[in-house]
Amino acid sequence: MTTWQVWGALLLAPYVLVFFVFVLYPVSYGLWLARNPESYRTLFEDPIFFTTVVNTIFFLLVAVNLKFVLALYLSGFFVHDRRWIRWLSVIFILPWAMPAIPTIFSIRFMFNPEWGVVNQTIFRLTGLDGPNWLTNPDLAMAMAMGVHIWKALPFWTLILMAGRLAIPKELYEAASVDGATAWQKFKYVTWPSLRTLYITSTLLSLIWTLGDFNSVYLLTGGQPADKTHVLATLGIRYIRLDQLDHAMATIVVALPFVLPLVYFMMRRLSGDEQKTSQ
Amino acid sequence: MTNRKLLSEAKLWLVAIPVLLWTLIPIYHIFLFSISTKDSAFSGRLWPDHPTLHNFVTVFKQEHFYLHHFWNQIWNSLWIAVAAGAITLAIATCAAFSISRLKAKGGRTVMNAALFTYFIPAAFLAVPMYKAMGTYGLLNNRWSLVLAMVTLAAPYAIWVLKQASDKLPWELDEAARIDGATPLQLFRLVYLPLMVPSLVAIFTYALLLTWNEYLYAFLLLSHENTIPLAVGLGHFLASDDSPWEILMATALIYGLPPAAIYYAFRRYMVGGLTAGAVKS
Amino acid sequence: MATVVFDSIFKSFGSTKVLHGISLDIANGEFMVLVGPSGCGKSTLLRMLAGLEDIGGGTIAIDGRVVNDLDSKDRDIAMVFQSYALYPHMTVGENMGFSLRLRNDERKRIEDRVAHAARILNLEPYLKRYPRELSGGQRQRVAMGRAIVRDPKVFLFDEPLSNLDAKLRVAMRAEIKALHQRLKTTTVYVTHDQVEAMTMADRIAVMNDGRIEQLGRPLELYDRPANLFVAQFIGSPAMNVFDGTYRNGAVEALGARWPCSAKAHEGQPVKYGIRPVHFDFGSGVEAEVVVVEPMGAETELVVKIGGQSLTVATHGRSPAAPGDRISLAPNAKHAHLFDAASGARL
């Protein structure tokens, strides 16, 4: 080995160490803990688990897709070249730039059925009691999705904006000259250029949304009656109940869904790398 | 023609106003509570009759049951965030230099391992990590959160830094080698100075990620002397009659610095972070 | 000051062989140019000498010492890159003194050496500037300054002028040549531009496909190219070459007889080569003028003979116009014959 190779190995070592100690060993040990079929049997018999799986699927399908349709639309709005729109985009980033706790607590208080500003306003305007935003399980799940979208929308809008800005202006000018309507421009120019980015981002967001603990936990804490859990919060709930094997089992159940996505994303980034290095 | 122009401008505003309200209402709500007295906080008004800074005074003087350790907690938050930021920066810079410039053997495998960690949902990794930290005897030690956050932040940091390094001309390394540089001299005298913007972005990224983290913080730390402010804030939810106006004042103190840092370094952040994500 | 000896150098990238046993002796103080089309292996050879590329097989010796296993920094060489490779975060002075700083030389000595090099290259006013504040030619000069400061045994140049515009290229060419005459440091210079090779080199190695086609002084290559490749690579405008048959002391081709001084077997198929400047006007081969390219000092004509396009260059102006029929007399003394099969000179 030359000194260059020795230094290459030495400088790589700290991260390799971190990976072994805090990723590889914990994950292997966790999987070993989750090897007992018994924990899956009791997990499947737990009625909370079934509700949680349904919640999670809904959360992923609705929140992710809604978020991306909105992000796609808003990215088209924010690419307009106006000074005030640039300022608005700076404000628009706030939910993403701020930590989760203050803003989610704020939303939680706004929608408190008794004292929250929302229901107070509804009462003052109509004389009726507002809905039980956070104590009705279905409504509470919808609210959690709303919180998730509120927090994550700016980031993905930014990403899609960058994608839109990468499309050559000439394409739009040519389309205009050819007499294309706004919808036709989207369909024939924007979408074909943006599609790959849109799909990749959606898949990545699927994985990350699956791991979104804050939007649910800080808003509802899984309540009422543990009916608003998703897999991320359920795993943590089992930890708190000191049922580590159940916590791991919860995660293992999601792996057949997560791993292909992770594999796909890794392939995509590695593939990109080869392209750029050539 | 001007009519059409007016119409398209009006359409833009029709989007802008809902977006502005949607973005700002929850944030304004924090602000409103933090400057309201307890009575007016719950009156449902859009501006308090007598705006007051009293809530902040209460926080700073630690005059509420939930706030007895406020200064201690904010110190913990800061300490943990800076430590995690610095360690992430150091580890990721070395790794990116090794993979990108020294072409270390196994660099590609390590990069893949890092990407794997990056894509695994953080809440999933939390479970085995919690168990492992227990085994290592680190639970309730601030280092557990520092190391956990390094684990979470390093993969993306390496990825972004590697992307940035790959863009540096290869001839610079060759010129330095011919000029007689050792690997460490190349790292210190050529590589680091050229990478400064990306290093700033990565340090900021890891710092904010750690400051903002809640899940790992409340899993790994529970002793009131070790918890960061994020977990302290969570404690307000323990009872139904929490002092919301004081919570919101605390939340504002907690939430504004990261937002300010984000905006201060936005130039670096947006460039560096979207470059990594957008590449398509 | 040193000799450089390449001894049967081999190199492959994966399964592609890029160098097939190159041997080359470079004398002390010599200006050696490696020239050839891109992909011929010339840069690889230079980078192996620099220690930037592993040596696949064979040995490289500098000043009699085999350097195969030496790190770049221990070979006492300096290199000028095509992209200049200046450190963007260092001033011109810091760039030039970097190698000495790495050697822990005294500050005073570094300053003196940098000042000395700056004086040679007229860089004195720019020492405090950053590379981004300089023009392309100035950057090129700094890259050279970085090499001079070290006073190395061997200078290596890797296509150093390719990023400059045509006018600057000519000026820098002269400057590098003058620098070499002043410093007398052994120099290995890689380029794909045969004009650079011809004007600067003491000796040229023409490379193609991982082999040296011919090694010699510039005018030797021009006057007596060893094979078709060298004949067509060296000289501008390029040599005219066409197929013919050797009969009775001349070559029959394109419906005419072409005189030559070289000998071949009777009836042997050959390639006949003649440079555009080696035609006289007068009785000889009939040709039709197709294009006239006046360039002031000389005029190039593209003519058609028996369906083949040939280039003819004349001094001064030409009265010929497209469509004119003219008669050309090839200069037998300057005609080249090559074996049709092997391409070797006859």
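We just call them A, B and C in the order they show up, numbering each chain from 1.
Convention: contacts are C-beta pairs under 8 Å (C-beta built on N, C-alpha and C of every residue); 3 or more make two chains touch, one makes a residue touch a chain.
What you see is a predicted model, and the numbers here were worked out from it, not measured in a lab.
Participant: Busiest chain-chain interface by contact pairs, anyone?
Facilitator: So the pair of chains linked by the most contacts is A-B.
Participant: Most remote chain relative to chain B, going by C-alpha centroids?
Facilitator: With centres defined by C-alpha atoms, farthest from chain B sits C.
Participant: In whole angstrom, how far does the Cα centroid of chain A sit from the Cα centroid of chain B?
Facilitator: 16
Participant: Measuring centre to centre with CA averages, how many angstrom lie between chain A and chain C?
Facilitator: Chain A and chain C have C-alpha centres separated by 60 Å.
Participant: Per the centroid of Cα atoms for each chain, what is the distance between chain B and chain C, given in Å?
Facilitator: That gives a centre separation of 57 Å.
Participant: Of all residues in chain A, which are in touch with two or more distinct other chains?
Facilitator: Within chain A, residues 3 contact more than one other chain.
Participant: Please output the residue numbers of chain B that touch at least 2 other chains, ranges allowed.
Facilitator: Counting only residues that touch two or more other chains, chain B contributes 182.
Participant: So which bits of chain C are touching at least two other chains?
Facilitator: 71, in rising order.
Participant: Chain B touches which residues of chain A in the complex?
Facilitator: Residue positions touching the partner: 3-5, 7-12, 14-16, 18-19, 21-27, 29-30, 33, 74, 77, 80, 82, 84-85, 88, 90-95, 97-103, 105-107, 109-110, 115, 117, 120-121, 124, 150, 154, 158-159, 162-163, 166, 196-197, 200-201, 204, 207-208, 210-214, 217-218, 221, 232-233, 235-236, 239, 244, 247-248, 250-251, 254, 258, 261-262, 265-266, 269-270, 272, 276-277.
Participant: Okay, in this complex, where on chain C does chain B touch?
Facilitator: Those in contact with chain B are residues 50-52, 71-73, 77-79, 81-83, 85-89, 98-99, 102-103, 146, 150.
Participant: Could you please specify the touching residues of chain B with respect to chain C in the complex?
Facilitator: Going through chain B, the ones touching chain C are 169, 171-172, 174-182, 185, 189-190, 193-194.
Participant: If we count contacts the way the header does, which residues on chain B are in touch with chain A in the complex?
Facilitator: Counting only chain B, the residues touching chain A are 12, 15-16, 19-20, 22-27, 29-30, 33, 42, 44, 90-92, 94-95, 97-99, 102-108, 110-117, 119-132, 135-136, 147-148, 150-151, 154, 158-159, 166, 182-184, 187, 211-212, 214-215, 219, 230, 233-234, 236-237, 244, 247-248, 251-252, 254-255, 258-259, 262-263, 266, 270, 274, 277-280.
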